[in-house]
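Everything below concerns the one structure shown next.
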Amino acid sequence: MTSFLKTCTTLSVFLSFTTASIAQEPLKAVGAGEGALSIVAWAGYIERGETDKNYDWVTKFETETGCKVSVKTAATSDEMVSLMNEGGFDLVTASGDASLRLIAGKRVQPINTALIPSWKTLDERLQNAPWHTVKGVHYGVPYVWGPNVLMYNTDAFKGEAPKSWKVVFEEMTLPDGKSNKGRVQAYDGPIYVADAALYLKAHKPELGIKDPYELNEDQYKAALELLRGQRKLVGRYWHDAMIQTDDFKNEGVVASGSWPFQVNLLQAEKAKIASTFPEEGTTGWADTTMLHADAAHPNCAYKWMEHSLSAKVQGDVSAWFGANPSVPAACKGNALLTDEGCATNGYDNFAKISFWKTPISKCESQGECVPYHRWVSDYIGVIGGR
Amino acid sequence: MRSDTEATASLPLKIAAGAGIAFLHLPILLIFVYAFTTEEKSFQWPPPGLTLNWFSVAWNRPDVWQALSLSVKVASVATAIALLLGTLAAAAVSQTRFFGREAISLLVILPIALPGIITGIALRSAFSLADIPYSLWTIILGHGTFCVVVVYNNAVARFRRTSGSLIEASMDLGADGFQTFRHIILPNIATALLAGGMLAFALSFDEVIVTTFTGGQQATLPIWMLQELIRPRQRPVTNVVAVVVVLVTFLPILAAYYLTRDTDEIAGSGK
Amino acid sequence: MTAAVSFSGVSRHFGKVQAVDRVDLVVEPGEFFAMLGPSGSGKTTCLRLIAGFEQPDSGHIEIFGETAEGVPPYRRNVNTVFQDYALFPHFSILDNVAYGLMVKGIGKAERHRQAEEALALVKLPDYGARKPGQLSGGQRQRVALARALVNRPRVLLLDEPLGALDLKLRESMQEELKSLQRSLGITFIFVTHDQGEALSMADRVAVFNKGRIVQAGTPQEIYNRPKTRFVADFVGSSNVIDPDAMRYFGGEARCASLRPEAISLVRDGGVRAHVRSAAFLGAATRLGVTAGDVSLSVMLPAGQPVPEQGTEVGLTWAPGDVHYMDDAA
Amino acid sequence: MTGAFSQGVISARRAGLSGRLSDLFWRRPQLLLILMLTPPLLWLGIIYVGSLLALLAQSFFAIDDFSGLVTYELTLDTYRQLLNPANLDIILRTLVMAVAVTVASAFIAFPIAYYAARYAKGRWKAFFYLGVMMPLWSSYLVKVYAWKLILAKEGILTWIFARLHLSSVLDSVLALPVIGGNSLSVSYIGTFLVFVYIWLPYMILPTQAALERVPKTLVEASGDLGATPRQTFFTVLLPLALPGLVAGSIFTFSLTLGDYIIPQIIGSSRLFIGQAVYAQQGTAGNVPLAAAFSVVPIVIMGVYLAIAKRMGAFDAL
């Protein structure tokens, strides 16, 4: 674990030319709010009822605490890291492939869990999750988590859910009689190499893949090979949730790895879209609300972290984004999420999800793994047809 | 041969020119149509219905106004800076001969001749090196850099056409340097500066790429549009804003045309 | 009496080009002075040195006894009529003329009154409201003149003032300028490359070549007694004869000039020559003849019979008409 | 004109700072020149070029393979990395696209510019001017998104082709190797179309300006000397319009080289230089490689500008 950390440390400093600030002691007590709070978040994570009046967990917080919330949405984990490196934010909803980089880069500060009463209501599986806890020190509070599901068009699949990720990785004829060529998508982020590895883990056991984020040269090459084959099927890689929904509506895309968020969005528009949890398992994300090392509004930030763990907010976010709450109590009695919501979003599949984390060369499961920056340049090559 | 110099063009030329202009305008008509669509999240063709609703929605969106005001601020200051720097450089280059004159004109053209992303990244890394926090001024710094060229081009063209003896005549008649500047130089280059200034303003107002790198978290109108288009809340609002911007800028473009028509074309002074 | 303008040892170079090379010059007050020379001979630079647009690298310039050193154009009571007139395109004619008064801070009514007076002087009384673009070349020239004169300069500089006008207009303007100068008594200094203009208008002429003054004097002196071969070549239509040819003609072996009208034709004797061409000029006929290998032109007064081409004639001239000069340029 | 000699020939120096400064600037014109040049030189020479050089300097560092951290030691490793096949693909792809876009823009722009410069009069002239300026002033982003609607598989073009019963034509175009694709909006054809559309005004304006500077008498003289309209066009008009076309091509070329938004929205996810710079800098954190990628358009534009300058395109800018 220490070597893991050392690599993370070095990995993380790269974007920042500014001198890293010295990690501070966590706050001792929550005082009066500073009147403002700025958050870097995934699209759909911080809603104030602008899209749908029912989904609003900001307005009430603002009136109660006097902290005016401003949100900067980021499309990728890397964007989040660079935004935090840039500074000027209090909080970030970082996924596992960003959180450790932020910690190692001293961009975020330890938090005092004693100041967050709802901490003890957290799902035990998440309380000490390795993506926000380093040497027993907590660098944030879990927000929500979820799987990267397989989204598909019910017309193209004749109402029958595809069982395997095979439909997006290998050329085949779909139930509607047409080839899947040009009708599937893949994620336009290097972390998607892990999805290929996950598929290989199930279908090519001889490679000996244990963890899709820890790949040796051979395993990595096999994953890239699979992705090169996939390139021939994919017209455009998806990068942005909203553009993906457009593609499913206007570009004739019928299957892709996706977030429940897009599924919900499309279903709300009465599109013929459904999602499934393929047999290979899925990759997924678990996000943590982390506090910037130089946060200008730490009191408001603590108030928000507490607010974000309330069962109501957890349930509402989960319903809106298609995620799973970090507070088990949220699964029951939330009007928006409904009592079946957690099950739909894969709450019980926790163990089957390989959560995003940054690939590093000194990996735990085997001696030497291919580090992230190679994933980046090679994935660019794959998309470019190399 | 004669037909070539007479005022009538051949039919193929007319068709080619007309088709070219149509090609330039059809997508813009589409923007107009989609400002009225009833569909909210994404666009589908043909639009399911038409409504005027989005205009009032746009009017009541505070973020539109914030972005607009930031854009106007940035564009105004960047234009003012470009006017100052561009005129000075143009005056120096066209009124005197000195070693390195060529280098100056290259230097002025460079920010526009090199892709915006390079200007953007270079400035961004310089900001981090110098530990300059992102602010209104970092955006202005970026915009000012590439706006100088349009003012410079317009001013140089005008200086070139303004006889150098006018300045000497003025001084000969008893006007000192400042009087000459006020009574002779300024009135003679004013329309060129106005036209250059308006182009600079437009350039800054629509700039996305450099702003992405120098803006930090602030959203100018184009950045706001980018965010809206990628993560739509009410997509037609973006089109409404675009339509309004086109309509509002129509008059200044026309004004710039008539101001410079007789004296000099403002052509060729793009991004 | 102090000179209106005096140069002593004035030099000015641009880069490697020596535009004005150690020039000494005196222009008397009230004089109509011409600076004549081919383009690039330094005459215009001299004018600009007087106006103050250029500063000498070395030497000394005085205007009416006051040193011009370090004095910018706007502090010299010297005005210029530019070759391209340099009328301000954005001002009306009246405002153009009134400009000098305006920058001096004279009130609008007064300066317009004076400007109108000046326009009347150049015979353009009703043109005040127009813009320069609406005037013909000759009219613009007059406006430029009025604009300079309204400031009552001690010296008026004219840079090729008639160069852009057509022949007829040029002749009438020459008359007008001359009488204007006489009536105003202002010192006029003008620059021209047209020797006819210089000779007909000026009281005195300075001939420039390669940045230096080769000869200065009255038009008669310049015309009749050119000091150098260059002056003779440039100023007159004189025959310039080489030393060798001069000896062949029986004179001294020096370079000389001989005016065409000083040569007369004789049937026998004289220097034998062949007629090559004849051009009828109205008041006279100009013959081109060759004597030996020397080409000469001969002015034949009207009324004399014109010999046919190819005929042999004899040429004679009074020895006093032969003007010897330096062979140098 | 009385009292002509009432004043001295040299007036006194004017009072105040402005008088003194005026005199000073006249005596020392270099001082005025320096004063005029200092602000633009400070801004462009120091801030802008300084930033550029700082960026370029970073391309001589490399990211450490093991840790992913930038090592501040001079090396050419990053350039070696830049020349690997995947990155060469990106450079080549962008170059080909930039050339194609520039050539196509020139072809489409010329008739418009020619007509506007030589035939359009009065109101029509204004119409053409506005016709070019309006698209230039309309939001770049909104135009790009409008094209997404036009080119989408279920978009306007497909709809129109279907209405005209020409869907098979569209399909056969899309079936073309390399430039085709699943739909126009995910093909090179789409990216190309949008590039041409967005940069076209930048080509028209300088070309028109250059054509307007061609004196009518030249064309007449050529005709007078017996040239056919066609010969006149190729021997007189085109060479004289060339600086304008080259000036326009500086824009179309440079803008295509650096754009990262158009190929991201309309395209097949294959990267262009602009996107590569953006991704290496923002996503991968490989600033040295991003800087090395930036060198490519700088070098290309440097060569391009040198040629353009020789052709007198700067005067037509």
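For clarity, chains are labelled A, B, C and D in written order, and residue numbers in each chain start from 1.
The rule is short, and it goes like this: contacts are C-beta pairs under 8 Å (C-beta built on N, C-alpha and C of every residue); 3 or more make two chains touch, one makes a residue touch a chain.
All values derive from a computational prediction rather than experimental measurement.
Contacts with chain C and chain D are shared by B. Distance between Cα centroids is largest for the pairing of chain B with C. For this structure, the chains sharing the highest number of C-beta contacts are B-D.
Chain centres here are Cα means. That of chain B falls 14 Å from that of chain D. Inter-chain centre distance (chain A to chain C, centres taken as mean C-alpha positions): 90 Å. Chain A and chain B, compared by their mean Cα positions, are separated by 40 Å. Averaged C-alpha coordinates give centres for chain B and chain C that are 53 Å from one another.
Each of the following residues of chain C touches two or more other chains: 52, 72-74, 78. Contact with two or more other chains is made by residues 243, 246, 249-250 of chain A. Within chain D, the positions touching two or more other chains are listed as 11, 14, 22-23, 26, 149, 154-155, 287.
Of all possible chain pairs, those that touch are A-B, A-D, B-C, B-D, C-D. Residues 163, 165-166, 168-176, 179, 183-184, 187-188 of chain B touch chain C in their complex.
Interface residues of chain D facing chain B in the complex, by the touch rule stated above, are 11, 14, 18-19, 21-23, 25-26, 29-30, 32-33, 36-37, 39-41, 43-45, 47-52, 54-55, 58, 108-109, 111-112, 114-116, 118-119, 121, 126, 128-143, 145-147, 149-150, 154-156, 159, 197, 200-202, 204-206, 208-210, 212, 216, 219-220, 222-224, 227-229, 232-233, 244, 247-248, 250-251, 254-255, 257-261, 273-274, 277-278, 281, 287, 290-291, 294, 297-298, 301, 304-305, 309, 314, 316-317. Of all the residues in chain A, the ones that touch chain B in their complex are 16-19, 38, 43, 50-51, 72-73, 75, 83, 86-89, 240-243, 245-246, 249-250, 265, 269. Against chain A, in their complex, chain D makes its touches with residues 63-70, 81, 85-87, 89-90, 93, 148-149, 152-155, 181-183, 185-186, 264-265, 267-271, 276, 279-280, 282-287, 289.
In the complex of the two chains, the chain B residues touching chain D come out as 1-5, 7-9, 13-14, 16-17, 20-21, 23-25, 27-28, 30-31, 34, 43-46, 81, 84-86, 88-89, 91-92, 96, 98, 104-119, 121-123, 125-126, 129, 141, 144-145, 148-149, 153, 171, 174, 176-178, 202, 206, 208-209, 222, 225-226, 229, 238-239, 241-242, 245-246, 249-250, 253-254, 257-258, 265, 267-271.
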